[in-house]
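First chain A sits with chain B, and in the next complex the same chain sits with chain C.
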Partner chain A sequence: MFSSPFQTLVTSASGFLLLLCPCLVVADSPYQTSDAFLDEVFIDDVPAPQVIWLKGEVKETTADILGHAYPGIRIRYWGKDNRTAWVLEEVGKTQPITVGLVVNADGLESLRVLAFRESRGWEVRYPFFTDQFPGTRLTTGNKLDRNIDGISGATLSVRALKKLARLALYLHQQTVKVDDPTS
Partner chain B sequence: MTRHHKKKSRARLLRSLYIWHRYFGITAAVFVVVLSVSGLLLNHTEELELDSSYVKSDFLLNWYGIHAPQGLTSFTSGTVTITAVGEQIFWGAKHLPNVSAPLVGMLTYGDLVVIASGGSLSLYTSDGELVEKLDQVAGVPDGILALGVTSQALLAIKTAQGVYLTNKSMLEWHRDNESDVLWSKISPLPVELESGLQRSYRGIGLSAERLMLDLHSGRILGRAGVYLVDAAAIIFLLLAVSGVWLWARRQASIRAHRRNTKMTAAGNE
Partner chain C sequence: MKRKFLSTLASACLLVGSQYVQADRANGQHATPSIEQLWEIIQSQQAEIEALKKEQQETAQQAADADEKAEAAVVAVEEVDAKTAGVASWVDKTTIGGYGELHYQNIEGEDNDLDLHRFVLFFGHEFTDSIRFFSEFEIEHDIAGEGQKGEVEVEQAYVEFDLRDNLQAKGGVFLLPVGILNETHEPATFYGVERNDVESIIIPSTWWEGGAALNGYLDNGISWDLAITSGLEMPTTGDNAFRVRSGRQKVSEATANNLAYTGRLKYTGIPGLELAGTVNYQSNATQSNNDGLNEGILYETHAIYQHGAFGLRALYARWNFNGSAVSAAGDDNQYGWYVEPSYRPWEKVGLYTRYEKLYGARDQDQFDQWEVGANFWPHPDVVLKADYRSRNVDANSSGADDFDAFDLGIGYQF
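On to the complex of A and B.
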């Protein structure tokens, strides 16, 4: 097929722009809205939201997991059949990363980045990274029971997501405790 | 050109290079100090909390053109006054870090202080502790225009799509255009508080990190400052090149001198 230098230039430029696409997506617009995330998790039968209050030991442990006090004293979640869904935020470097997490009796079921606002570290949204989380549980010290491989240049975003995974697992334990009349 | 002339002109060049090297060194010294100090501080931004420390100097704030806006929007409910100063929201004279403008309403609802701003609702205890920030994730309709309370004590927000109500749990919202709503209204601000807020606004307008970044890049002096730092970088390069060249010349002359001394000594023997 005939290919002029102009066509080659246009093709190369388009290829370069396509490579840049992930960076261009890094805007305030979400990858997935929280409503869409919840619809997907509960297959269009989203339960009524509930709240967990951060008081006493729960508040202290939450601050310990995050490394700072949680901005607020109650957190909303959606729960059904011993599965809970959480939409949590944590600052990577300067901007909050919005993450949707689902926890069940076997541990973390899924983790998805819903919105990323930082200029670097957006690679954490991709399955090659988020697929490391399903099945993760908490150890007795509220750490993840497995190693999560980091991404070069996205250290702070990786750290933020690991903290949120620990937080969702811990809060799920607390909601189960609340629901369980024997505890 | 005779050998003697060649030697003389080379010596003159070397001397001139020494003089230039000295000038480059003196000129670079100022930049080296500024860039090193600012660079060291920036390397430890988090430990030194530069991002949460603010510049108080009036001169620097004026230099950056940070002036408090006039005509502040304020809402008062009971003893609580919430004011928007530019993009920042204040509880009395205290800055609220989790809330941003535009401020569209505020009221006391049960034990909570509810602030409608920046497209979300922020719930605070009467002591000023944040309970929860409610946005679209929490089912709050988008585009809040006003905040109020109905005669049945339901919390109400007005959006372009209509009026939405919720109860004290604030877990779910439903549309209702029938209820009688008492909307929160802008209230006048005491003069002392207004001037205090304007001072506070300026007080958190310029972080130490921003100042260090601008000092390091030269942007503190605008476009000219960037070119000045570019010039400094070129001087550093010239300094390195002239320094290495002078050192190499010196080494060569020392080696030649040693060789000559050895040969003279051998000749004498």
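On to the complex of A and C.
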């Protein structure tokens, strides 16, 4: 194919450029900030944040959904007119994935990946994957009521997003219980 | 609240008044209280109202104080978390994971075998949001060292940079982007105790090299990879002559006279579907000239489809080598393919069958094989496996025999 000196020159130069260019430009992350996400959800009229305390049954169910205890004693959310927004994190394979979720009375309204730090599984960021979630509800066992097709090579990232969808739906139910004067 | 309070007060007035009336009646006195008596009643009630008001204010104050203290305590806890973030940041930014698998093999005509095939630890560190390190440290066959059967290997050790939201670069030792299992091979993610043979004999998984790579992806699910790496150093003589797997240098003082180039195009735009193709070009597959083996090109393509309980994997890979010696040996074309349908009747149970056809360099690497088996996942990260294989070698010879076998395995990842 190539003569040896030419090949050495080309490959060395290519390799050098490949290694050099990251030092010159690195991406900003996340893809969308939490504030921008909330502005979009509530159309620039973001309600004051509220909190749900992780105690008793809520704490136990949260740990059951995630497979581990949530790292905190309360979770912040934003709610208006039986519609709540959540910014939650869960580790995929090794790194936390930050996800914005909106729940309304009809179930999960939207799920958006705000920051993704894993080396593989980037597909879960995009609508061709996340479009499977809107309309999803919880079953009585706190499972999703529909199948979410996975991504080969991104099993753990997909699993993390499914857990967060379940968690947001469950927590939304708890906020409705708290707000309901008849309860 | 106010209405409730007034209502309670009116009730109290009626009650006290009626008590006076009843007491007077009982004493045979006149039923209507005097003005003095009424004044006394009002004063008494006023005192009670004042006492209730004071009590209510104190209760409200106590509740407010309790709320304030609770909020202060939570804020303090969160502030402590923030203050110790510097101490904890290294821990938070450093990740550890791993996987392992133990195999039992019962192969016809051979001794039964129990082997801790792999025990792997991952170590990762995030320098910034866009620069991270990842490594994979592996012990194969339990014990490594002189005279032992095992090996200690660093299969991955690279630094990755996010150049854009959809563009990354990495440099170091990494897994080549080829096939289904080479990059994702945790035991809970595939069927079969042992990995399929095509991705062992034709694609020499686990296949890692040192070098640099770029990968990018588009919103529609198309992604691409380009890599410049160290290359193979395949033997041209002996029992393993022209065997691809024996050509891996494992980045151990690897001869790098002639580099290799890898490109992959992948489509995952439909959930559950993956279509991919890889070309790997070895500019000199032995790293030296005039030995009868020069260039080599690997073509690989595969499809994965998973929808609900049904799954299908299919892969084809082929090497074309150039050189007089490799052509004379009939090893200039080495190829293999497999098809693997699967069905998961329950969340924790999966069944599969696989047919493989291989044509590798050695006699024992030229065969077709049927395999059936099952996976049981008691936990998503833990798997128990069982399978049965029936291999039909193209040409039986010493060390290349037909056989039936069954295998058991346990695997885990964390």
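By our rule, the second predicted complex is superposed on the first by the 155 of 183 C-alpha atoms of A that agree within 3 Å, B and C clash if a C-alpha of one lies under 4 Å from a C-alpha of the other, contacts with A are read in each partner's own complex, and residues count from 1 in each chain.
By definition in this document, a residue touches a chain if its C-beta (ideal position, glycine included) is under 8 Å from a C-beta of that chain, and two chains touch if they have at least 3 such contacts.
Please read these numbers as outputs of a predicted model, since none were measured by experiment.
In the superposition on chain A, contact of A:Ala48 is made with chain B only, not with chain C. In the superposition on chain A, contact of A:Val87 is made with chain B only, not with chain C. Of the two partner chains, chain B is the only one that A:Thr33 touches; chain C does not reach it. Within the superposed three-chain model, A:Trp122 lies in touch with chain C and out of touch with chain B [touch as defined at top]. In the superposition on chain A, A:Arg74 makes contact with both chain B and chain C. In the superposed model, A:Arg159 lies in contact with chain C only, and not with chain B. Touch criterion not met for A:Thr139: it reaches neither chain B nor chain C.
Here chain B and chain C are compared by how many residues of chain A each touches, and C touches more.
Taken together, the two structures place residues 73-74, 94 of chain A in contact with chain B in one case and with chain C in the other. For chain A in complex with chain B, the touching residues are 33-35, 48-51, 71-76, 87, 94, 98.
Residue ranges of chain C in contact with chain A, taken from their complex: 74, 77, 95, 97, 122, 124, 126, 128-132, 134, 160-169, 171, 180, 183-184, 189, 211-214, 217, 219-221, 223, 228, 257-259, 268-272, 274, 283, 295, 304, 306-308, 380.
On chain B, the positions that touch chain A within their shared complex are 51, 98, 125, 129-133, 136-139, 169, 171-172.
The touching residues of chain A, when paired with chain C in their complex, are 1-2, 4, 7, 11, 14-15, 18-19, 21-22, 25-31, 73-74, 93-95, 115, 117, 119-120, 122-123, 126-129, 132, 147-153, 155, 159.
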